[in-house]
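Here come two complexes built around chain A, the first alongside chain B, the second alongside chain C.
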Partner chain A sequence: MGHSMKRKEDARFIQGKGHYVDDIHLPGMLHMDIVRSPYAYAKIKSINTEEALKVPGVLAVVTGRDLEKYNLHWMPTIMSDTQMVLPTDTVMYQAQEVAAVIATDRYAARDGKEAVIVEYEPMKPIIDPYKALSPDAPVLRTDKPGKTDNHIWHWEAGNKEATDKVFAGADVVVKEQMYIPRIHVASIETCGCVADYDKVNNHLTMYMTTQAPHAIRTVIALVAGHVGLTEEKIRVVSPDIGGGFGGKVPVYPGYVVAIAVSFLVGKPVKWVEDRSENLQADSFARDYHITAEMAGTREGKILATRFKVLADHGYTDASANPSKFPTGLFSIGTGSYNYGTAFMEADAVYTNKPPGGVAYRCSFRVTEAVHAVERITDRFALEIGKDPAQLRMENFIKKEEFPWKSPTGWEYDSGDYHAGLRKAMDVVGYEALRREQAEKRQRGELMGIGISTFTEIVGAGPSKDFDILGIKMFDSAEIRVHPTGKAIARFGTKSQGQGHETTYAQIVAEELGIPAEHVQVEEGDTDTAPYGLGTYASRSTPTAGAAAAVAARKLRDKARKIAAHLLEVSEEDLEWEPGKFTVKGAPEKAKTIQEIVFAAYTNHPQGMEAGFEATHYYDPPNLTFPSGAYICVVDIDKETGEPKIRRFVAIDDCGNIINPMIVQGQVHGGLTQGLAPAMYEQLIYDEDGNILNGTFMDYLVPTAVESPSWETGHTVTPSPHHPIGAKGVGESPTVGAPPAIANAIVDALSHLGVTHIDIPITPIKIWKILKQKGVIQ
Partner chain B sequence: MKKEITVTINGETRTATVEPRMLLAHFIREQLRLTGTHIGCDTSNCGACTILVNGKSIKSCTMLAIQADGKEIITVEGLATVDGLHPIQEGFHLNHGLHCGYCTPGMMLRAVELLAGNPNPSEEEIRWGISGNLCRCTGYNNIVKAIQYAGAKMRGEELPSTEPQFV
Partner chain C sequence: MIPAPFDYAAPKTLGEAFALLEQHGDEAKILAGGHSLLPMMKLRFASPSFLVDINNIPGLSYIRESDGYLRIGAMTREAELEHSGLISSKYPIFTDASKLIADPQVRNMGTIGGNLAHGDAANDHPAVMLAMRAEVVVSSSEGQRVVPIDEFFFGFYMTAVQPNEILTEIRIPIPPAHTGSAYHKLERKVGDYATAGVAVQLTLGRDGICSHAGIGLTNLNPTPMRASRSEEALIGEKLTDAVIARAAEMAAEDCNPSEDLRGDEEYKRAMAGVLTRRMIHRALDRAKA
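Moving on to the complex of A and B:
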């Protein structure tokens, strides 16, 4: 624990030996490309494949009508909605899959795609979610019998009556309308698969870019069982994954079509999407319209919050959330503050945009919630004229008040918010910066300081409440130690760059005393790894990491028995120290873990089961609640409106830290994915449903130039219920950074009467404000 | 229609027949089966497919295979030698300059050319120097450190600490 071990997985990645889906090349493999809709909403009048089939190398064109024969033209979403695999009649969003071209190579498949002629009858799409709810809006999901509107679901948390009462009697009420824009995870590797069906053995191997291979196998079995593909005949392999961030949780139509084609022709079929297809059709994130309100006293006591959300899910609710949580964990939005009353509600609607939403490096809608509470807290501070750091310090839940029961029902496990913010303020030099800001304002210069002190909620989750399609959200570890004391450990999760091969090895090493170098970690192959729900929502360390610790402790119990047998003492006479058992009072009498393991195969006590392996399925008793205190300092060019981040200090608290180097790397990356939607990224649609920035030419992923040099540190408040006191961390910075940046920019402009700006806060938005306020003539 | 080309790739001469329209990135990956060169976009923005052609860093999706005829190519598979890892590979490993590894080969090859032209770049020069290569995982801090480390190693100077620094 606490050792910045260099990563075990690096060797293959730095030498070009990573093994990603598109690197897979099988004999006789066919290639698939997908014809996509140019319209956001249209009837399909005809699909003419004649010319496409004449293209050399093209073998087949698959349409919805072909899949319909096998009842494979529709599939369920994770949220138990329904989604077309390929359409038979109507397209519902631009870039929707319309037909698949199968060919002998990549170029022939693309030629075939260009030659497919689809005749459409365009219809007027609904793009604005508010218009989708208007009584005269046409019903989009006419495939659902009896559906009379575009409303999907209504959700509530907290106490409406009590909250309304507090608001009605409060001295101070602030309110802002916020839009958390539709964005895209844009992992540098896009999505794809190789479906390899072996007709002779009736066996499917599915290599795919998935963050949750076990769940995918079960879903394939449930969907395709009627054609004879049962679960023992399906092997899902998730090889090296080039970034996931939630975008590789859903099942996309391309995967299903590739399986169907491989099943029918008995040959491997590869499908790898382009970047543009990835941005335009794969699941989006966010797209929440939030009305946020806070009530409090003139002196600065926060009393209540009230959030109202309109969630635009596009064509279908293809969110990647636990089943019982349609808004994910949005109800964490009461934040880090001590008040007892809150109410939140959300309504979801269908529009003619691609379906979603997924996480974008965030634990189930926590980013939206944190943005709302951290922005409205700053708005409240501005209203009563109190320093936003001071307001937070006065309202934080105190360290000794944990476990804290939140107004929406969560039990925060632990935290020390005062220590985190104090540290961030000391590092950045907060008081001096406020003085500098005051002086600069006198001179007409624009400088802002923004704070975000967030509480995350990660590690889904306890089986009482958490499942996906009915499967409980435990996770697993299996540790097998070989006779010579070297181990293989397998997990139900799947790294997409998080460094599991190193972190998990360190947990096993810590608990079992075998050097981490001697622990081989494997994930992602459903034939060999124990069942688990996968890696997303910062759940790997809280669930599978915990499973590793518990499995290792089971082995340590067995080791104690063997050591007692070898040393001819009772188990109670033995003491564990890392790597060996010694006899109490006689430390020279000891057996190392390697000697004990060897004995498990060569000299185990009679009556004891031979071998040395253990498995654990860990069902967490609670989620973990990491936190952070972030401070951003921004200078704004008053001629151009360009904001520049001068400094960004991030103090995270993720409990006990297994590998500080990896945790810091996760924080750096997460901060940049927080910067991205705060200042650059948004998927923009026109009123006809055309995406205006569906390529990397115009969807602005930050480069090294836009990204500041992040300053990171930590406080350590262990989780009381996690076996090693750890919490998740990979997503905290993505959650915490956007409001810190937005608060800094608004702070720089607040003396002009600015109270809120929607992200992404671009130079043109600021320039227009400066122009309107008369700063720019 | 197809054309025969000969390239020297990672020191080895390879002759192949290609369609004139075949992208160099696809030629390297699918015909020469060197899959360390990755493809991350279709508009030449991400830089995952960056290789060295006659010593210059090139996004291999912007070049046709036939344009590489007679040229000398280095891909990630050609960075290490019998003496061990290239300093840039060592730098990325020791400084945690990679997470998922997908952008890493292109990022390293871009850095190799950057350091060849500017052996001791400032942080700002490094950031601008790699601004044609996108990384979604690392936030770039440690990529900058990795390149600084490789620069020091190639200059034969004292190596900077590879321990993570916390505030």
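Moving on to the complex of A and C:
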């Protein structure tokens, strides 16, 4: 613990020896490519496969009508909405799957796809979510009996009446309309699978890019049970994964078609998306239109917040949220501040855009919530003329006020917000920067300082509230220690780059006193790993990491019994120090954990089970609440509008740290994925629903060149309820960075009367503002 | 990459390459670095039925000065330009441009000849060549011809290179003393095509008066564009801030940018002006150094 061990998995990754879905080649394997709709909304008049079937190597073209025969043309989403696998009549978004071409090799499949002729009758799509709600808008989901509008659900949290009352009586009320743009996880590895159905044994092996293999197995059994694929006949294997970020939680139609085809022909079928398909069709993230308001006193006491959200879900609600949380954990949006009144509401709508939205490196809509509260806090500071750092310091929940009951019902476990912000201010030299900014303004130069002091909410979650499709959100660990003292540990989670093989090994090593090098970690194979809900929402360390600690402690209890037997003393006479039990007062009398484990197989006490294994399914008592204080300094080139991040200081508090190097790596990656929507990324659609930037040429994923030199640091406030005091960290920087950057840029322009700019804040947006304000000609 | 089917040959001599081009006519495409052609084939925007890979033909990659010209072989990789001592000491404009082209992996493969022969106004070398008044050597089985850069670009993806020809060399007149050059482009992120790009080469006389000026614009016109009026505004003048500002304004007025995701016409025009002014200043500093 607290030790920067090099990642065990990197030896294979840096040598190009990782094993991904597309590396799987099975004898007789067929290849699939998918015909996609060029229209956002159209009737399918006909699908002509004649020419495609003439392409050498093409074996079949599968349409919705074919799947309909087996009742496999529809599937449920994680949010219990419904989604076409392949359409029989209508396409609902551009790039929707229309037909699948099966061929003997990848090239023939693609050539066949080009030869499929689909005749469409385009219809006028609804792209603007506000228009989708207008009373005269055509109803998109005509597949849902009795549906009379495009509204999906309404959600509320907090106390409307009390909040309205505070707002009505407040000295100061500020309000901003914010759009958190539709973005994409854009993981380096796209999605794909090899579905391998064995007709003789009625057994499906599904190699798949999934963050949640166990849940997927259950979903396949629920969807395909009627054709004989029951859960014991299904093995899901998630091999190495090149980034998930939430995008590999949903089930995409391609997976289902591959399974259906493999099931029908009895041969393995591989489907791997190309980059454009991944960007254009797979689940998006965000796409929240938020009206954010804050009420307070002229002196700077925050009294209440009120958020109203319009959530554009596209064609279907394919969010990846816990069942009872249609807006995810958006209600964390009251932030790090001590006030008692808040109200939030959200309405979700259907449009003719690809479905979603997934929790992109964001514990279920926390990014949207944090952006709203951190931006409106800055807006409030601007309104009353108080320094935004000072305002935060005056309103933070104090360290001694934890556990803190938030106005929307969360119980924050621990935090020290004052220490975090003070540290960030000291590292960046806050007071000197404010003086520099004042001088530069005199000279007409544009410089801004932006702060974000966020509270995250991760580690879903306690079974009383958290489930996905009814399955409670516990997670699991199983540790087997072999006679020679070496262990294999298996988990219900699945690393996509987070470094579980190292972090979990360190937890087991810490608790069991064996070297981390001697702990082999395995995940992702449902035939061997214990059941768990998978890796997303920064939940692995809070849930499966906790399970590892508890399982290891069960083993330590057993080790104590065996040591007492070997040393012929009572258990109470033994003391644990890492790696061995010693007899109190006679430290020369000791048994190492390796000796004890060997005895568990060779000389175990009568009446005790042999072997040295333990399993634990950990149901967290609460979520963990990591926090952070980020400060961004930005300089703006007035003539071009280009903002340049000069400094970015990120002080994170994720409780006790298991591997500082892995945490730092996570923070660097997360900050860059926070920079992305702040300044670069947005999926852009025209009014006909055409995506305008469906390739990496125009969907601007920032690189190392765009990234500033991140300055990272920590404060440590352990979680009081987690077995090792750890909290999640993977998503904190993605959540915390965008408002810090946006606040910095707005701060640079605030003296011109600018109060808000929607992200991504691009040079051209800034240039247009400067022109409009008369700063440039 | 899953392109449409195509045939492929990798001749070892220019003669063999010419024969293949004659045989396949405009169905054939020349494969040099491949970093413009292959992405188009991947997306099936281009489906040539025959690729003539000229990477195995010796003698097309060099950077040398002779007979009053800087001569660059068409197959010279961007990375070779980037790391050439001759280029960085005497022709810094190439270093400016090379390091802005795509990313190191692309520059290891992409060639200067391909960058020009692709005929894309968004590529960076065309503007540099306009500023430096380059000549392009085009070869075929019938021999060589030399095309002035101003007669090289015809239209979108169209150049003076005919289907039976191969671009083999770029010649740049060695500039006199007190010449400075500079290139910069605005890009949304590294590796992007230019939102706007400007190349400038200036020569100062003994009296400090500008004797020669070349200004090329990237992605501000359907074809690579010479900012002629801006050049004329500089030649014969002492390059005061006011003179430079006027030349920059002319570039902004004269260019013909089209709106895309990189910006609207107003922004691109303004950036043409800003960059022209900045690059004239940078070239001037280098000319004086």
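Following the convention adopted for this analysis, the second predicted complex is superposed on the first by the 777 of 777 C-alpha atoms of A that agree within 3 Å, B and C clash if a C-alpha of one lies under 4 Å from a C-alpha of the other, contacts with A are read in each partner's own complex, and residues count from 1 in each chain.
By definition in this document, a contact is a pair of C-beta atoms (placed from the backbone, for glycine too) under 8 Å apart; a residue touches a chain by one contact, two chains touch by 3 or more.
Small disclaimer: the values here were computed from a predicted structure and weren't measured.
Undergrad: Tell me the contact category for A:D274 with respect to chain B and chain C: first, second, both or neither.
TA: Touch partners of A:D274: chain B and chain C.
Undergrad: Look at A:I684 in the shared chain and tell me whether it touches chain B only, chain C only, both, or neither; answer first, second, both or neither.
TA: It touches chain C, and chain B stays clear.
Undergrad: Between chain B (first) and chain C (second), which does A:G243 come into contact with in this model arrangement: first, second, both, or neither?
TA: Touch partner of A:G243: chain B, not chain C.
Undergrad: As a test of reading the superposition: which chain, chain B or chain C, is in touch with more residues of chain A?
TA: On the superposition, B touches more of the residues of chain A.
Undergrad: State whether A:V705 touches chain B only (first), chain C only (second), both chains, or neither.
TA: both
Undergrad: Applying the touch criterion given at the start, work out whether A:Q15 contacts chain B, chain C, both or neither, answering first, second, both or neither.
TA: first
Undergrad: So in the superposed three-chain picture, is A:Y107 touching just chain B, just chain C, both, or none of them (first/second/both/neither)?
TA: Both: A:Y107 reaches chain B and chain C.
Undergrad: What part of chain A is shared between its chain B contacts and its chain C contacts?
TA: Touching chain B and chain C on chain A: residues 106-107, 274, 276, 695, 697, 701, 703, 705.
Undergrad: Note which residues of chain C are touching chain A in the complex, please.
TA: For this pair, the touching residues of chain C are 2, 4-5, 43-44, 103, 186, 188-192, 261, 263-264, 267, 270-271, 274.
Undergrad: Can you list the chain B residues touching chain A in their complex?
TA: 19, 21-22, 26, 29-30, 33-43, 45-46, 48, 75-77, 79-80, 85, 89, 92-94, 96, 98-105, 108, 123, 126-128, 130-144, 163-164, 166-167
Undergrad: Which bits of chain A are touching chain C when the two form their complex?
TA: For chain A paired with chain C, touching residues are 106-107, 110-111, 114, 274, 276, 639-640, 642, 680, 684, 692-693, 695, 697-698, 700-703, 705-706, 762-764, 767-768.
Undergrad: In their shared complex, at which residues does chain A touch chain B?
TA: Touch residues, chain A against chain B: 4, 6-7, 9-20, 22-23, 25, 106-107, 185-190, 240-243, 245, 274-276, 427, 496-499, 649, 651, 660-662, 664-673, 695-697, 701, 703-705, 707, 709-714.
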